[in-house]
């Protein structure tokens, strides 16, 4: 009996040490919930991994957190969508070689009945004004993500302080949970189109405003500065950046569709 | 270790007198039985000898031996057995001895053989009958080859035939060279088994005498009354 | 609600390899966590039960309090320790199953230790004098008590396994929910819920529940068997 237990323990230890070992080369990409939850990575990464043999481990966070992760050196590559924050990240020396990758757009999503009459305008700032004037709640990400900072810019453009408004709800969560909340509350929210298209629990929600140029949502990719964090896998990371901005990578991005609808539009300058 | 000398032992927990002014010499051989009414302090005296309880006053001298602990074993009135096999329980007392696995096994099996439990070695200890449990507890203590074995009411809850078996084992342990000090309520047992008697009442040693003399001619009034009270049939026989 | 449930069942009936891999990783992480936490928690809990030392009461209270430790807090602390900018950053363990096992071990050790202390302390009351009469050292007492309580301690270990399997906060933070690498059942459920894919969440939830139920059924029968065998 004692012997059996001893063997069991040895087996466990061996499994613990060996079972999780990963032989292949890999990089950590800290990215946003919108790219992960829209299913884009699931579609494009197998192609990159097959080509290079480099396994890409995506940690999906809000843009702010994703940049922080890079700042701490816990990722090799950062792939986010908040241009001012990205520029700051590079200017402070945390990231190098930032490149445009693609864009999609934000959409305002709200209940079909559209009590706040957002459908009547194509101007996003006007849409925000109408939501603030209406009685339906607005659900904000409230998580310092790229979507969140875009939303806050629109409130600012509309000269509205949303925090002074009782029906302004901060979810403090990713895009999906925020959409779940909006659906449950019959409220409005700002979403990236990708997450919206792949989101399944829509209930009564639909797009109430889209197409304004200001809703343009660009994604950038950059390497975490190896000078700051020497362990960063520079070569493998650059291979990923090179590929995703290459013709092949860009075509793969363009080919990703949900229900025949393209989610992301390549924008790399080759 | 022997003679063990207890001098002027006082045990008074919370001001209640359990033992007071107890002097006792235990020499190297034989079986001593401590008798006395309930609450006389018999069990406490055994526990003090086992080193499980520290007296509030007085001293124990082990003939200059500083730490005789491993030479002493004790079997309690209600021995607690582990939830495991008879064999495992019988060998439990050997753990601190640092014997080799083979030697411990040999000794354990040998002892089980001698108490007549070898055929039940693989059975579960907690499913044994009362008599078998007591025999197992004796085996556990015996396997330690103690110089002094303390037994607290070893047959208190047993029927006559089981008592008989246990007494046989106790005699055999004595023959093996182990000094035995035990308590009992069973005066017949005390007569059958002991070489001398310590009569304890109200926390004091009232009388200490060879067994035959104690029962034939108790010196103290307390002892006379105790023997009469416990064994009226015996007194009427003798007179 | 009913539709979601029906869809969940149909999803379960055609479990794909990805789901199997997620379940398998959950199982491996839980097994490693529980093994480690048992090796630490059982002796530690028993030691606290048996040994007398200054501050024993404080340790007991601490252990009991730590049973309710929020997993997110543990996640953040382990994250900061394992982060490249943290003290153990050069080991590069963040976002790996090893990190998940470490964080969960921190969570599960107090749980197993506290339950062990309770179980062993009760047994110790019964055996203390007997063991002293056999001149047992602390080590012998702990070993004998752990052995004696082995079937009750299965419950403590099982509680640890349950916590490990169902915990999401810590593994999400230190594992990163990386697909095919650190995605376990709970983080997958969180992700699918976030995506609004409620049937898939529910399906995974049912797998999780089934696994925990199976584990407990096994333990229940083990105890019944032990009671019959050892009394």
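As written, the chain order gives the labels A, B and C, with residue 1 at the start of each chain.
We adopt the following convention: a contact is a pair of C-beta atoms (placed from the backbone, for glycine too) under 8 Å apart; a residue touches a chain by one contact, two chains touch by 3 or more.
From a predicted model like this one, the values you see are computed outputs, not experimental measurements.
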Overall pattern in which the protein chains touch one another (line/ring/star/complete/other): line
Greatest separation from chain A - chain, by CA centre: B
Per-chain Cα centre nearest the global Cα centre, belonging to chain: C
Distance between the centres, which are taken as Cα means, of chain C and chain A, whole angstrom: 32
Distance between the centres, which are taken as Cα means, of chain C and chain B, whole angstrom: 47
Between chain B and chain A, distance of the C-alpha-averaged centres to the nearest whole Å: 79
Residue numbers on chain A that touch chain C, as the complex places them: 9, 12-13, 15-16, 19-20, 22, 26, 28, 33, 36-37, 41-42, 55, 57-60, 72-74, 173-177, 179-180, 183, 195, 198-202, 229, 231
Residue ranges of chain B in contact with chain C within the complex: 50, 52, 69-70, 73-74, 76, 79-80, 82-84, 92-93, 95-96, 124-127, 140, 144
Chain B-facing residues of chain C, complex: 126-127, 129-130, 132-137, 140, 143-144, 147-148, 151, 226, 229-231
Chain A-touching residues of chain C, taken from the complex the two chains share: 28, 31-32, 35-36, 39, 83-85, 89-90, 92, 94-98, 101, 176-182, 191, 193-198
